[in-house]
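Below: a set of structures, written as structure tokens.
Heads up, the next two complexes both have chain A, just with different partners, chain B and then chain C.
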Partner chain A sequence: MNLMRLLRGQAAEPGWFDFPGGIHPPDNKAQSLQTPIAEFPLQAQYVVPVNQHIGALAVPCVTVGDQVLTGQIIAEAAGFISAPAHAPTSGTVTAIEDRPVPHPSGLTVTCIVIQADGQDTWRPRAPWPDWPARSHADLLQRLQEAGVTGLGGASFPTAVKLAADRAHIDTLVVNGAECEPYITADQALIRERAPTLYRGIEVVHKLYDFQRILIGIEDNKPDAIAALHAGLQALPETLRQRCEIRVVPTRYPSGGERQLIWLLTGREVPSGGLPMDLGMLCHNVGTLAAVADAVIEDRPLISRITTLTGDHLRRQGNIEVRLGTSIDALLAWAGLDTAPERLIMGGPMMGFALNEPGLPLVKATNCLLVPTEQELPTPPPAKPCIRCGHCEQVCPASLLPQQLMWFAQSREWDKAEQHRLFDCIECGACAYVCPSHIPLVQYYRAAKGTIHREKAEHQQAERARIRFEARQARLEQEAAEKEARRQQRAQAAKARQSESATAVDKASDPVSEAVERAKAKRTGEQGTPNTAPTANLSAEQLQARLDQQRDRLAKAEAKLADAAPEHRKAMQMTVSKLQQQIQKTEAQLQKAES
Partner chain B sequence: MIIVWSILALLVLAVLFGGLLGYASVRFRPEGNPIVDQIDQILPQTQCGQCGHPGCRPYAEAIANGEAINKCPPGGESTIQELADLLDMEPVPLDAEHGEEKPRQVAIIREDECIGCTKCIQACPVDAILGAAKQMHTVIESECTGCDLCVDPCPVDCIDMVPVATHLQTWHWQPPKPDYQIIATDRDRSDQEAA
Partner chain C sequence: MLVASSPHTIGPVSVQQVMFRVWLATLPGFAALIWFFGWGYLINALLAVSTALVAEAIILRLRRRPILFFLTDGSAVLTAWLLALALPPLAPWWIPVIGALAAIVFAKHLYGGLGNNPFNPAMVGYAVLLVSFPVEMTTRWGMPAALASEAHSLAEAAQVIFAGLRVEQTLVDGMTMATPLDVYKTETALTSAAVVREDPLFSAGWRLYGWEWVSLLYLLGGVVLIWQRVISWHTPVAVLASLALLALVFSWAGDQYMPIDLHLLGGATMLGAFFIATDPVSSATSNRGKLIYGAGIGVLIYVIRTWGNYPDAVAFAVLLMNFAAPLIDHYTRPRAYGEQRT
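This part shows the complex of A and B:
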């Protein structure tokens, strides 16, 4: 590394490492630095959108007509990557409805509209002068509840970033580079509120116990650098030893997270990775000041410093303004002279145009730029790419911008991904130097969006396929079960049938027995000789039959004695018949015994 | 003599490699037709049956057996393009007989009017409708593929097909317009045309 530095002629300046590419646009910062940070007066109405951060939309937790106090949570975080929103002042909730918000899409989002009562009464606050004694969990929870998000422009929830695994993180990179032209919000903040910034660094240091804290700032901000040095002297000795103020040369985009880390440490954040992978954490100075306010003063993120600039404004400068303030009111206060051609949120490189009136200011609004046509001419229509290669020389991510443009134009997404489209930080350096004025970044943004959408659609299709197959399997199983049940029933019926048939064979059926008996009786009565079976009977059986017959004779004689005269003849016949049978049986018995 | 040896050597090699290939073709035979899986991956899995097959996989099998690749309206041009790339065919325009490409839709049940007949539940190919007999039904929007199959069976016509609205989470930048390159003096004209 030292050799490389020597080769690049940087041996004399050990404070920074050179990153590839970059441009030097006119910085246009002086016009907004003439005055100290102003305080924007309270307004009659505030519109607080629920999407002021990256991640899941916050969920309103107040209803129309509710009285709210300054700093009260009015929309709660939903999910892990999310942040709550707070009432910027006290008043009454007059509406919760979809309204346009500052977003490149121009879409509407749920907004909570608060009619201010002018009192600006705070909710009960619990400042923590003893914050170093608090636990990590307490600190993180307070940060989460305070809705602090990255104020450099991306608006990523800070509590989520700070909840990362602490074990291997040893470096804090404080981003005060503010490389984009026109924007001076961070510079003004450092200049006037360096002590608050250092408090924020202390809070984050308490969470992580960093080995070193690198504060990166561009060399075009001498007043802010002086303020940083002055503030450093007030720090406790142990912390001061770990802090280093590194002044880096002014070059766009040195304020990009990856570029600043490269500048300060000479290390490159891996493709698709995060600074965490290098054991680093990067925070914007504004964010750290907000962290200090949130933790120590119990002041949630309800205002931010915004740069109002552009030659259409008479009063250019930085202003501390409550979130949810109407942008129109701000511009009117700043002395907007006419209806502007363009209103840009963010800087001229990475910002986007706001086309609708009545938008509220949000956490990500670091700058409102209202340039005149002379100041920032509308880009002329794009001409064909002449393959000059300037874009490749300025790309800070070492990509091939024109190649990516071809792939985006011909919708060859896989090739664009192979050429590391997703390492593009959309800084706009390529478009800035393009002699054909091709809006390159817009191609990349569109390509990234389309690729994300196609991936999401593919995932959804995959889910639909799984659900469809599961349903098919279920229907088949149901049909199979139905069939199995039918088979089972059929078998059961068959089994019962055959079972009853065998049962009839085996068990003594009273009906058939009676039929048999009747048959036997009938044959007996008809006088058919009973001799055939009796011939083979044993003496005991004959004896039993004899007893039976005598019994019946005795009964018959008794009946004969009682019988009415008209029945007597028939009875006598029965008796004589029985007597004959007895005689016959006796003869047989004698024969059998002999 | 050497010619005999060389022929013999080639013969031995031929038998050896033939045997090897024969063994490999039996041992490593892929189960099913892998091209069907690849085609199935590309199809949108709407399971709408507009192609005339009962689901995406049967259509994938039919394509593998030589059926036309332009019968899938939900997939539209991009699916045809992908299929053409995969199968090394010329992309053809969508067959209008099977319907036209529409923006993505979801079914919405007008719940007040639902009589709880469960007919739509039986029709839904991806089990995206929730409900029970004589209870109100509702569509699980995140799972609905917009296949349209539940609309016809509904006896009270209480199902609407609604285009999916773009919201912040799904919005993305559009490529620059006009996409073609024009010279500066023609700009006004192109603006007028666009308007």
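This part shows the complex of A and C:
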């Protein structure tokens, strides 16, 4: 209720700015916070996909049979936006093949399969206790080679984000909100490894020299907030003065990048833009801890903290697990009791359902949720929209979700875009409150997908049209040039002929006859080129000409059938001209024969 | 394993619950109606609701839609219920029946059923009745219990409703009267406000006669709905504010214009503002749109009551603004996060 917020005079309150909408689903975080972060035992086999980040696929740089060491690069970054993949443990590469990976569309992707040798022997490491003395380029290169990506969910290569133009960036937003229900990976990380997190902040601060560093965290994580405050005290004075821990109210989706920036600064990231446009960088706490490990310890991103939760698991909690571990093995370790109805990677609001448990864990796997039917019931069949407007009240992007759904249903893409479909962050708040249980987000995803596809198709068609027209113009030009050359030759020949004719004009009668013939021929050429004078032609010659003309007609007709609309008229004329010529020749042939 | 699109969890509110909560919020006002004006309201409600359910079931069958799935959503019950609250309590039995039929068959299902009706079905039903049967719709209001020589029982009310005017002429005359809005309007035209105020309907302070109580209880129900977030505050606040503002502006001429308290607490203002105008299907969607939509209703209520032929105007005001809702929506799309300010 905006009126209430207005009455509370929220804008004047220090610390945070209210964003519109949002919901309060049961947070279900306690069950996975009972135990400290566990270490998952080494497995016999790891499957490392080459697409664990946004951007170009990494390219495998090992071959089957190779011995690899822990932390060794096994797939290299390809292109500007990309990240390498590392061996999660030492062992032998046993296969490089396409395997299913965690992806909303059940994608299969090249995976490097490693049979572990159980030794977990590291490649030579070079920790940098003296990291503050290193250059920006060195730090960035180290980050790039460590394969660090955004661990909040999007998996954008961190080194690429940190390579941004430094001049105008003055604020670092540290995202520790973790608003999604069930997930506690960030909370567990903060409460146990706050010093590492602050090291990461220091590294990034070295790159940018921020004016202020805002750490956002929801008020339902008192233990993590305490750890943050304790860690802050250990920071050097100059840095500590620029750091602010901002406790924000618990309201989903406060941890969305755009929402958190609004909460902490009262500013909006422009539509289609990035936080950089406001001079801000936003990093997840897990990412920053990984940055510290990579730069200071020379420990590339080969493991992450994942929350195992849901009532189907007897052992719920957070676990540090190597990338490429089979999800099956994790669930078995957590005491999965029966075959689950659903397996969700990520949280209940924005996670996606996996269609099989045998997939590898990847850099983006912040949570594995195995709920029982009682816990998260399957939604009942959707009823028609009653336009109650609850969705609009909770939309953090101030969209009109129900209007968007109508437009998506009636395939009015232009109206959907006009109503800012692409500003939808797919947080699912609208679908959560919908009393008709309409899968709204699914409509938006489908609409976005269709619009993208149609735009791509349109562009392709446009390119094809331009290509066709260019080809047509080239052919016409070639034909024109050919014709010009032919005429040139004909003229030259004529000139030669008339010269020689003049030379022998008065010599003999046959010559004058020839001149007559040439004259006749010239008049013929000045007329339609294909209807040469026929007076002197034999029936055989006429027959040959007729065959030739028919041949040409057949070709022209075939061309007409394939012709683009804009060329059709010209082709039509050619065909009818040829038809006339054929009629004429036929008549002459008849005459010649009789 | 089940693979579905996110989110994988649903909130606690369903369509049935929305309908049920709205229905529940009308109950205090409904109880007051029965307390002050007799059992006719209950009979009306039962007639309207049962007619609506039967009509909905038949239409769903004709439209080959799942019958129980839609019948149990509670929307037909609520439509008929709201209609019955607006009908004169001693109207003949066929009034609620025809009204409910018009609402469900014409206003709801001919436009595509739940969620697709451009007009508020209950108000369509009411308007059909008011235009078609003006006598039955204006003269059968119950005499407030405090004014009637003897309180009428459920049996008596049923007799009037089902047996009709001709059988119990005297009883009906002793039991029915026009509404305060009607009385005020008719009588000020003949005399002056001062004289009208002497009418027992006003002079005794109408706390006795119930209208004020009914309205205040509707207000209470509406506030509960806003608190529960079933409805947003925008529409009712806009309706009441615009109506009150106009009533204040014109309050200098008491002989010509009704006083503000009568506007706000007389007639169907509170019922309309909290339960009719907030019907989401036929109203504007954005918050700003709802403010405009509600303000339009408030203005139209005032205009029709003051310069129109009908003593009350909620139904027509709501229906007219239903027409305008798509246009309002077109011009009131809120600025999205990150969208350039224009």
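Simple rule for what comes next: the second predicted complex is superposed on the first by the 463 of 594 C-alpha atoms of A that agree within 3 Å, B and C clash if a C-alpha of one lies under 4 Å from a C-alpha of the other, contacts with A are read in each partner's own complex, and residues count from 1 in each chain.
Definition applied: contacts are C-beta pairs under 8 Å (C-beta built on N, C-alpha and C of every residue); 3 or more make two chains touch, one makes a residue touch a chain.
Remember, predicted model here, so these are calculated numbers, not experimental data.
K.L.:
For the three-chain model obtained by superposing on chain A, do chain B and chain C clash or fit?
P.N.:
fit
K.L.:
Look at A:Pro381 in the shared chain and tell me whether it touches chain B only, chain C only, both, or neither; answer first, second, both or neither.
P.N.:
Both partners.
K.L.:
For A:Gln393, is the partner it touches chain B (first), chain C (second), both, or none of the two (neither)?
P.N.:
Second partner only, chain C.
K.L.:
Looking at the overlay, what does A:Gln477 touch: chain B (first), chain C (second), both, or neither?
P.N.:
Touch status of A:Gln477: no partner.
K.L.:
Quick one: is A:Ala408 in contact with chain B, with chain C, with both, or with neither? Answer first, second, both or neither.
P.N.:
Once the two structures are laid over each other on A, A:Ala408 reaches chain B alone.
K.L.:
Classify the contacts of A:His103 with the two partner chains as first (chain B alone), second (chain C alone), both, or neither.
P.N.:
Touch status of A:His103: first partner only.
K.L.:
Applying the touch criterion given at the start, work out whether A:Thr35 contacts chain B, chain C, both or neither, answering first, second, both or neither.
P.N.:
A:Thr35 contacts neither chain B nor chain C.
K.L.:
Per the contact definition in the header, classify A:Arg445: touching chain B only (first), chain C only (second), both, or neither.
P.N.:
Both partners, chain B and chain C.
K.L.:
Would you check which partner chain A:Arg258 touches, where first means chain B only, second means chain C only, and both and neither mean what they say?
P.N.:
It touches chain C, and chain B stays clear.
K.L.:
So which one touches more of the residues on chain A, chain B or chain C?
P.N.:
C
K.L.:
Once the structures are superposed on A, label A:Tyr432 by its partner contacts, choosing first (chain B), second (chain C), both or neither.
P.N.:
After superposing on A, A:Tyr432 lies in contact with chain C but is clear of chain B.
K.L.:
Pick out the closest CA atoms of chain B and chain C after fitting on chain A and give their distance in Å.
P.N.:
5
K.L.:
On chain A, what residues does chain B touch that chain C touches as well?
P.N.:
Common to the two interfaces on chain A: residues 380-381, 383-384, 439, 442, 445.
K.L.:
Give every residue of chain A touching chain B within the complex, in rising order.
P.N.:
Chain A residues touching chain B: 51, 57, 103-105, 107, 109, 380-384, 408-409, 439, 442-443, 445-450, 452-453, 456-457, 460-465, 467-472.
K.L.:
Mind listing the chain B positions that touch chain A in their complex?
P.N.:
40, 43-47, 55-57, 125-128, 143, 145, 166-168, 170-176, 179, 181-184, 187
K.L.:
With touch defined as at the start, can you tell me which chain A residues reach chain C in the complex?
P.N.:
Residues of chain A touching chain C: 1-3, 19-20, 23, 25, 181, 258, 262, 268-273, 340-344, 346, 348-357, 369, 371, 376-381, 383-390, 392-393, 396-400, 402-403, 419-420, 423, 426, 428, 431-437, 439, 441-442, 445.
K.L.:
Could you list, by residue number, the parts of chain C that touch chain A in their complex?
P.N.:
Those residues of chain C that touch chain A are 1-11, 13-15, 17-18, 69-70, 73, 75, 113-116, 226, 229, 232-233, 280-281, 283, 285-287, 290, 329, 333-340.
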